[in-house]
Amino acid sequence: MAHTVNRLSRFNMTALALGLAFLYLPIVILVIFSFNASRLVNVWGGWSLRWYIEFFNDRAMLEAAWMSLRVAAVSATFATLLGTLAAIGLARGERFAGRALFSGMLYSPLVMPEVISGLSLLLLFVALNAERGFWTVTIAHTTLTMCFVTVVVQSRLASLDRSLEEAAMDLGCNPVKAFLMVTLPLIIPAIVAGWMLAFTLSLDDVVIASFTTGPGSATLPIRIYSEVRLGVKPEINAICTLVIALIAMLIVAASFASKLSSSQGESAAPL
Amino acid sequence: MSTRRIFARPARYAAIAPYLWMALFFLVPFGFVLKISLSQTAIAQPPYTPVFDLSEGWEAFKGAFEQLSLENYRLLISDNLYILSYLRSLVVAITSTLILLVIGYPIAYGMARLPQRWQGIAMILVIVPFWTSFLIRIYAWINILQHDGLLNRILLALHLVSKPVVWLSTDTAMYIGIVYSYLPFMILPLYATLAKMDRALLEAAEDLGASPRKAFWLVTFPLSLPGVGAGVLLCFIPIVGEFVIPDLLAGSNSLMIGQTLWLEFFTNKDWPVASAVAIALLLLLVPPLVLYDRLQRRQVEGRR
Amino acid sequence: MPLLRIEGVTKRFGNFTAVNQLSLDIRAGEFFALLGPSGCGKTTLLRMLAGFETPDEGRLLLAGRDIAQVMPHERPVNMMFQNYALFPHLSVRDNIAFGLRRAGMARGEIAARVAEMVALVKLEGMEKRKPDQLSGGQRQRVALARSLARRPQVLLLDEPLAALDKKLRESTQAELMELQRRLGMTFIIVTHDQEEAMTMASRIGVMDTGRLAQVATPRDLYEAPASRWVAEFVGDVNLFEGQVISREQGRLKVTTREAGIITVTEPRQPVTKEIVTVAIRPEKIKLSRRGLASSADALQAINRFEGEVAEINYLGGLTAYRIRLDNGAVVRSVMANTARLDVDGYGSSERVAAWFAPDDGVVLEQ
């Protein structure tokens, strides 16, 4: 019996290790080659920061990066706000008219092919005669990413012990106050995770941004995409490494912040 | 009245803003897609006719209505190009979903069998690549798969091949890219159901005389079916409409439907046909979407 | 005027009636226990008192004011939750101060009250800890302190000791009683553990399918159960159903199928029914060896049955016997093991006489 378990777990461990290697090796290779001195992408020519310098001298790339960061930050913030409200409605609203439609509208964008979402939003903007650029991309990304925020926050709310809210009411909070004083602090980590997810999804998107942006306001992924279609360029390796580093920093900062906030008392809470 | 109901009213007020937002930016646009799919191309801005403009009066509006036609859909059926790309999308989606399931299941199973404290770490390790840009990950594979890329170098060095193999612009490359990008979406729902499963069930099965292999097929696998369903749908639906991966990694002789849509829209500037392609794709996806919606609802809300 | 009057309260969940036309008075300063099997409606009743459920019918009068429709946060009642429901993001101090802050108490007053509560539940030095840094017993104390801090008119306790192990539960029972006496507060506790209810409560309400089966002191509940159901639910009992055949000199003769004729003292309230049930607690049924001179009592006993020992269960302080009577019925008898050596015990299959005094049988009409 113990023998079979061991053999099984050896198989498990191998599957796991191979799976993780498959997930990580390409990224590791990409990062390493971003420091390659050689112009030939696959010939190692020693360590160098040359491609990073190239990137920082590439005005068009820098502008695209700045545009992407702005879109990501603004759309993630809107998405977090709207997505959290939607999660509250779904997790605490019980049954209400149009609930099935509401949850359908929130869940289907998670899997909806991006070409469809992108095209439909573009046609809306054209019909509304909206000038395409920063705001149209931001609205498009907010729409898509708030659904991810909703799912993350809603599952946290659903797993929360409802007797905590009852206890807060028992101790003198009205429902809204009970939510703000007890529920909200407990779902903050999920909200932060939702923001991060929205931010990275926005920073990642090619298809929807291609549809909804206007001339002269390309996002970073659109630029990377058009460069990549023409072939591998070492500068792209450097940009990708920077994006990975930025996201890694955000993740570390967020987990640090959530740890910090959970060690503070009520006196430090906003209310 | 109960506590649940006390909380329900303010919670519903909270839902108003996101409700309106999603209605305006998710639901209403489909109306426009439908409408334009019934219109004709024109060299104008916007590039289609008729244009509904209420400012020109009710008669003009009605006249515009009469110009709508099913012409674009007739084109979709009559031209092989569209039917072939729908078929190709389905084949690619089904094949890659099966590959994902076969690869993802053992990984998820391995994760669920890890000691408790390692499970969290394994979970993070699977999620983190999902946080790094998907475009970057595809790009990373281009690096590896190109003519003088790492893979060919390794194969040459090991004398497994005598001259570099063409990887890029092949279906193999596309499948690698798809599997790589969607693997976390397959693993996570599988892991969620497998981790919840009581290990005593397996012990009971073995105690009652089932071999470990039998116990897996008779107990573990049937119980993990909701996770299998979620993972399959989570991968299948978006892969059907995938654009970036086939565009960057597959050859250009046969297109997936997402690529056809893109081509019609950006290259041919034929918005009405692109819209018709989108509507047809959406209709194809309605059954799996409904299934997915039901699963998702049960998953997020079923824990009460 | 009682502090709390529950008047004809009904609560339905769909087709299920959780609490059915229930009325009950609770006096100020009482330690009242709601006892019943799971699903009997006791928790629903408690949640209605706290305001988490609203009754479909009836009134809840607290000090004369109907609070049935009052929101939980506006009631002068606090609740200690079964799972404690401590706020995981707040320290012990902030948990206890939570209700006081909501009441708008002055800073200094809050600090003083929190200190008082911390001392009351003996948690000095733990004020800065978070709930996940406390043991189960300590968490239970924080929950208690938090619900007491606002000095509610009534404290509701929902299975407050269910999560503690047996030893800790016993000492905590004693502390809770001590606390309640000292504060002179009204406690209403919900429990499914009859020993716990008996130990702590001054009065017990036994609930069954949404109704109160009996409200009585622990002693009356055990010694004078109001119905067969209560007699069986609280403790162990031997029940004999039979027909009343005579009433003379305050004695009732009942002829039963299982045990022949039983003579019991007539209850104060005259028996009206023909068919009754006689209930005798196992410890009231004494055993003797047949024909031994020492058991003169046994020989004189009016209710005396012959039989043999069918089963012996040694329980430490007690030994439980099952005696198969010669006419086929089985009765249970419990004897205290008063000596360390097994000299008084009976062996398996030994012939014995089982007997009880007329005063020890309770006549039940339902």
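By letter and in written order, the chains are A, B and C; residue numbering begins at 1 in each of them.
Here is the rule we use: contacts are C-beta pairs under 8 Å (C-beta built on N, C-alpha and C of every residue); 3 or more make two chains touch, one makes a residue touch a chain.
Everything numeric here is computed off the predicted structure, so don't read it as measured data.
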- Given chain A and chain C, the chains that contact each of them: B
- Task: Could you tell me which chain lies farthest from chain B when each chain's centre is the average position of its Cα atoms?
- Result: C
- Give the identifier of the chain nearest to the protein's overall CA centre, each chain being represented by its own CA mean. A
- Query: How big is the gap, in whole Å, between where the Cα atoms of chain A centre and where those of chain C centre?
  - Reply: 56
- Message: For chain B versus chain C, what separation do you get between their C-alpha means, in angstrom?
- Response: 59
- Express in whole angstrom the distance between the two chain centres, defined as the mean CA positions of chain A and chain B. 17
- Task: Could you list which residues of chain A touch at least two other chains?
- Result: 166, 169
- Task: Specify, in ascending order, the residues of chain B that touch 2 or more different other chains.
- Result: 3, 6
- Per-residue overlap in chain C, given as positions that touch at least 2 other chains: 52, 71-72
- Task: Show which residues of chain B lie in contact with chain A when the two form their complex.
- Result: 3-12, 14-15, 17-19, 21-23, 25-30, 32-33, 36, 46, 103, 106-107, 109-111, 113-114, 122, 125-126, 128-129, 131-144, 146, 148-150, 153, 180, 183-184, 187, 206, 212, 233-234, 237-238, 240-244, 247-248, 258, 261-262, 265-266, 271, 274-275, 278, 281-282, 285, 289, 292-293, 296-297, 299-301, 303-304
- Would you pull the chain C residues touching chain B in the complex into a rising list? 52-54, 71-72
- Task: Over in the complex, which chain C residues touch chain A? Could you list them?
- Result: 50-52, 71-73, 77-79, 81-83, 85-91, 93-94, 97-99, 101-103, 146-147, 150
- Task: Under the touch definition given earlier, write down the residues of chain A that touch chain C in their complex.
- Result: 161, 163-164, 166-174, 177-178, 181-182, 185-186, 262, 265-267
- Residues of chain B defined as touching chain C within the complex: 1-3, 6
